[in-house]
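Written below as C-alpha cells is the structure these notes are about.
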Amino acid sequence: MNKNSDNKTAILLMHCTDRQGIVQNVTEFIDNNRGNIVELDEHVDREENVFFMRIVWELKNFLIPEDKIGDFFEVQIAAKYNMRFNLYFSDQKPRMAIFVSKMSHCLFDVLSRVQSGEWDVEVPLIISNHADLEPVAHGFGIPFKVFPVTKENKAEQEAKEIALLKNHRADFIVLARYMQVLSPAFIKEFPDKIINIHHSFLPAFPGAKPYHSAYKRGVKIIGATSHYVTEDLDEGPIIAQDVAHITHKDSVDDLVRKGRDLEKIVLSAAVYEHIQRRTMVYNNRTVVFR
Amino acid sequence: MNKNSDNKTAILLMHCTDRQGIVQNVTEFIDNNRGNIVELDEHVDREENVFFMRIVWELKNFLIPEDKIGDFFEVQIAAKYNMRFNLYFSDQKPRMAIFVSKMSHCLFDVLSRVQSGEWDVEVPLIISNHADLEPVAHGFGIPFKVFPVTKENKAEQEAKEIALLKNHRADFIVLARYMQVLSPAFIKEFPDKIINIHHSFLPAFPGAKPYHSAYKRGVKIIGATSHYVTEDLDEGPIIAQDVAHITHKDSVDDLVRKGRDLEKIVLSAAVYEHIQRRTMVYNNRTVVFR
Amino acid sequence: MNKNSDNKTAILLMHCTDRQGIVQNVTEFIDNNRGNIVELDEHVDREENVFFMRIVWELKNFLIPEDKIGDFFEVQIAAKYNMRFNLYFSDQKPRMAIFVSKMSHCLFDVLSRVQSGEWDVEVPLIISNHADLEPVAHGFGIPFKVFPVTKENKAEQEAKEIALLKNHRADFIVLARYMQVLSPAFIKEFPDKIINIHHSFLPAFPGAKPYHSAYKRGVKIIGATSHYVTEDLDEGPIIAQDVAHITHKDSVDDLVRKGRDLEKIVLSAAVYEHIQRRTMVYNNRTVVFR
Amino acid sequence: MNKNSDNKTAILLMHCTDRQGIVQNVTEFIDNNRGNIVELDEHVDREENVFFMRIVWELKNFLIPEDKIGDFFEVQIAAKYNMRFNLYFSDQKPRMAIFVSKMSHCLFDVLSRVQSGEWDVEVPLIISNHADLEPVAHGFGIPFKVFPVTKENKAEQEAKEIALLKNHRADFIVLARYMQVLSPAFIKEFPDKIINIHHSFLPAFPGAKPYHSAYKRGVKIIGATSHYVTEDLDEGPIIAQDVAHITHKDSVDDLVRKGRDLEKIVLSAAVYEHIQRRTMVYNNRTVVFR
C-alpha cells in the first residue's frame, strides 16, 4: 500500500448483502491485476446484513485499462454478490452547482474553499431565485443565473434549471441556504446528488423558523444538519451534524448568528465528504468513510 | 464584595416585570443593611420583558436577622415590583430523594458525588419500583424503599411515596432513569422540584426507545436532556443538555453505551445547578446562572 | 431595563480593587441620571480581589450630555474607587485593520462577515507582507497595501505601517494568519488592540508548525487560540479557544485542513467579542462578558 | 461476515512495514480456513510506512484449533511480512488491577462500570498508597492492599506490588488518579499495559497542579488525557482526550470540579478501548480502531 501522491487512483464504493469472503475476493481482484491498494474501509450493517466497502488503489501498473475496469469488476465480482458499485478516478474533478437565495454565509464559505484550492472541484454555475447575491458570484468569477420561483411557474422554472444543469454537466448540487422546496420531479433527476443544510439538529425543529422554535422550547443546544435531499422534506439521509451550546442569555438573534457558523461548517463538511467520494446511501442512512 | 469562604451567605433569586431601577434598589437594600454582595447575576428576557436576578451576600454584619430577611425584602422591595422571589441560606443542605428503576449508571454517579463530598446534600432515601438496586443503595448506606407500580395501584403507591417524601422532608427529587411516568397529582406536589434525565436531545426523540429511533433516523449526534418534570411528558423546562458524535459504525448497543455517559454527566450537571440554587423557571424555560 | 433597539446606548467597562457597594453606586449614578440599564455583567476575581463590570444603558433621556459622561463618571465614581474604565457609544463603528500573508481562509471569513453586515465595523485597509491576496481584498473593495518584511527593513516597514494605520484611524488590528512576528515597538502602539489566531490550543505547541508537532505527539485533539498580542510570543491573554477531535487516520495535511475551520471560527469569535466591547484584560487574562 | 453474537471470536492485531497484498493474504488465511470475518479495520501510516490491521472472525467452523492459530499465523503470514501481532479470544476476560490514592471519582466510575456489567473484565485487586478508599473497594467486594510509598521504600514496595500483581495474574493496570510516579523498573514489567489519566490536555500543563497552571494562563478550555505510561512522565502514547469550555467566572476550584468529570469519562473511554483490544502502540502514538 505504498502511496505516491502523484499517482492516479481508482476509487470504488460498493454495497451488497453480506457474505463470507467478499473482502478477500475484492482485494484479490485488485492485487492480481497489480493494483496497489492505498485505502480500504469496510462496514457491515448487522441489522440489515449489508456489506459496504470503499477501496482506493493506484492505477500505475494496473493491468486492466481504465475504461474497462468497471466492466471487469461487474463480471468478475459484482455479479457474483449482486453488488451495487460506483467507480471514480482521482483525476475527475466533480462539477458542483450551487443554489442560493439571499443569505451569503454558506455561499462565501463554499466559494472561498474552491478559490483557495482547498476543494478540488469545478463550479460551473450558481442558481438563485433572487438577484441579491449576483455580486458575490461575480467576485469569484462564476456565472449566476436567476430563476424567480412562484407557485405558478415552479415546474417551468425547474425544467429550465434542470436543462441548464445538464448543459453544464453538473455532477451534484449544493443548496447553500436555498429557501425554496424542490419538487419531487427535480429531486428525481439528482438522486443522492443534492446536499442541503438545515438549520437545526434534525429531527428536532424541521420546517421553517427552527431558531424561533428552539428559543421557544428553551433548548440549551442548537444545531445544523446537512443531508441528501429526498422527496420527504428535511427527512433525507444525514451526512453531517454539529451543535453549539447556548444559554438563557441568547436571544433569537443570537441563535441565528451562532447558527450561521454551524451551518457553513456543517454544510462544507458534508460537501467535502461527498467530493472525496466517501459517502454511500442505504435505507435513508449514510455510511461516511473517514 | 470581599469573600470569606467561612462566611454564611444568603442567596436570593427573583423575577418580575422589567422596570428601571431594580438592580439599584435591590443592591441598595443589601448595602444599606451592611451586606457584602459576593455574587450578582441578572438577566432580562426581552421577548417577555421579564427581569431575573440572583444575588448572594454575606450575613456576618447584616443588620436584619436571618428569619426576618424574607419579610423585610417582601415589604421593602418585592411588593413594589410585584416580584416573586426565593431566599436560601448557604448552611441549609438540600435534601435530595432519588427515584430509580433497574439501571445503575446515574445512581452510581449521583451517589459517588454525595459520598465524596463533591455535592453538599443530604440523601434521606431512594425509592424504586424494583428491588434490583437495593444493594447499591445499601453500599452507600442509604434507605431504599420499593414501590412496585401497576396501572391499578399507581395512585395508591404514589400517595404512599408522597407521604414518605414529606416525612423525610425531601426538598427535591432526582429521577435517575426512573422508568415510570409520574401522575399529574404527584408532580403538583413538587413543582419545579423533580429533575429527570431523558436519553435524547429533546425535542428530538421524546418518549420510549430514543436510541432505537436515533439509529433508525441515521443521526450523526446523540444527546441527553435534563429537565424539570411537568405534566407534559418530556416537555418540561430544560436545565442541561449535551451530545456526542456517532458514526455509521455505531450500533444501537453502542448508542446505548455512549448514551449512558451523557445521561449521567448531564443529569449530574443539572442537579448541581439546582443544588447551588442557580436555576429559575419561567414560561417553561430555565434561567441557569453560572 | 426596557430595550428599544433603535436607541443609542453607552457601554461602560470598568475594573478596580473590589470593595463593598460598587454595583449600587454605579447603578445609582445611571438611574439617578435617568439612564435605562439594558445590560449588566459583573465579575469578581477572588484570587486577585478585582472587581469587573460591563454596563450598558440607553442615552435617550440621560441627563448628562454624551461628551461629558466620561468626565462625570470619573469625578463621581471612578476616582472614589481608583477605577480604570472605558466608555463607548453604540453608534461608533470600530475601525478594523487586517494583516494577512498568503493563506486566505481567515481573511475570507472575516471579510464575508463584514460584507454581509454580520459585523458592524469599518475595514479601512488590509496590510500584507505578500501581494498574493490582493485580488481577494479588491473583490471586497478594500485597499490593500504590501509591505515586504526582511530582518533588515523590519523597523522601517513597521514604522510605515503604524503611520498608515494611524492615518486610517484604525482602532484595532486583526492578524488573519499573518506570518510575521511584530516587534515590541509596534505592539506598544496598540496595547490590547491586536488580535491574533494561533493554530494550536495554547499553551500546547507554541511557535511554528504546531500541526506537525501535534501529529508527532499523537494527540487526539487539535485546537486554535485567539489572543491579544503582547511582547511574549503566543503568550498574550486568550480571548477564545476551540478544538476538534482527530484520530490516527488524520495525516498532517488532514490536521491542517481541519485546523483551518477552527482557526477561522475562533478568530472571528474573538473579533466579535472585541467589537461588541465585551472583553477586558487584566493580569494577562481576559474577562469576556457574554 | 454474518455475526452470531453467541459465537466465540478471535481478535488479531498486527503491524508491519507496508507492502502490497497484506490485506489479501490475511483475509485469504482466514477465509481458506473457514473463518467468518466479522470486523476488519486497517490503517497505513504513510509517514512511517507502517501497516496496521485489526481483524475479528468467528471460530465456530474454523479449521485450525484455537491453540494452534498463533503458530499457523506466525508461519504462514507473519514471518513473511516480519509482522508483530497479538491474538486474543473473546472469552478471555481481561484482568484489570486498579491503583488509587485518595480521590474517589475515577475509582467509582470504573467500578460502577464493572459491577453493572458494562465492562466484561475481572478486577482481582485494588492497590493504594493510602487506606482512605478501602471502604469503597469493600463496598464493591474487591480486595484492597495498601502500600505506603516513601523515597526510601519505593523500590521495595514496588517489588511487592509487582509480585502481587503477577500472583493475581493482572493483565493490565489502571491508574485511577494514583498520585505516585512509578519507577522505570515497574513500568518495564507492564509495557503498554498501564493506563494513566492526566488532568490536562497534554502536552499542555504536564506535571503537578495543571488546573492551577490553566487558571493562571487564562485558558478558555481545560482537558484530560489518558495515555499508556512510559518512562517519560506524561509523555506516553495518548489513547483518549477530551475538553470542556470554561470562562473567566471559573475559579481554580471550578476547574477541579469540572475536570473531575472529564477525568473519569476520558479514563474510562481509554480503558474501554483497551479492553476491547482496539489499541495498538507504535512510535509513541496509538492506533485506536473504532
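The first chain written gets the first letter, and so on, giving A, B, C and D; residue counts start at 1 in each chain.
The criterion applied here is as follows: a residue touches a chain if its C-beta (ideal position, glycine included) is under 8 Å from a C-beta of that chain, and two chains touch if they have at least 3 such contacts.
Predicted, not measured: the structure shown is a model, and the values here were computed from it.
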item: Set of chains adjacent to subunit B and to subunit C; value: A, D
item: Which of A-D and C-D has more C-beta pairs touching across its chains; value: C-D
item: Rounded Å distance between subunit A and subunit D, as computed from the means of their C-alpha atoms; value: 37
item: Approximate Å spacing (C-alpha centroids) for the pair subunit C, subunit D; value: 42
item: Contacts with 2+ other chains: residues of subunit A; value: 46, 247, 249, 290
item: Subunit D contact footprint on subunit C (complex, rising order); value: 43, 45-47, 201-205, 215, 217-221, 223, 237-243, 247-249, 251-252, 284-288, 290
item: Sites on subunit A touched by subunit C in the complex; value: 103-105, 108-109, 112-113, 115-116, 118, 139-140, 247, 249, 257, 260-261, 265, 268, 290
item: Of subunit C, residues touching subunit B in the complex; value: 1-3, 18-24, 27-28, 30-31, 36-40, 42, 44, 46, 49, 51, 245
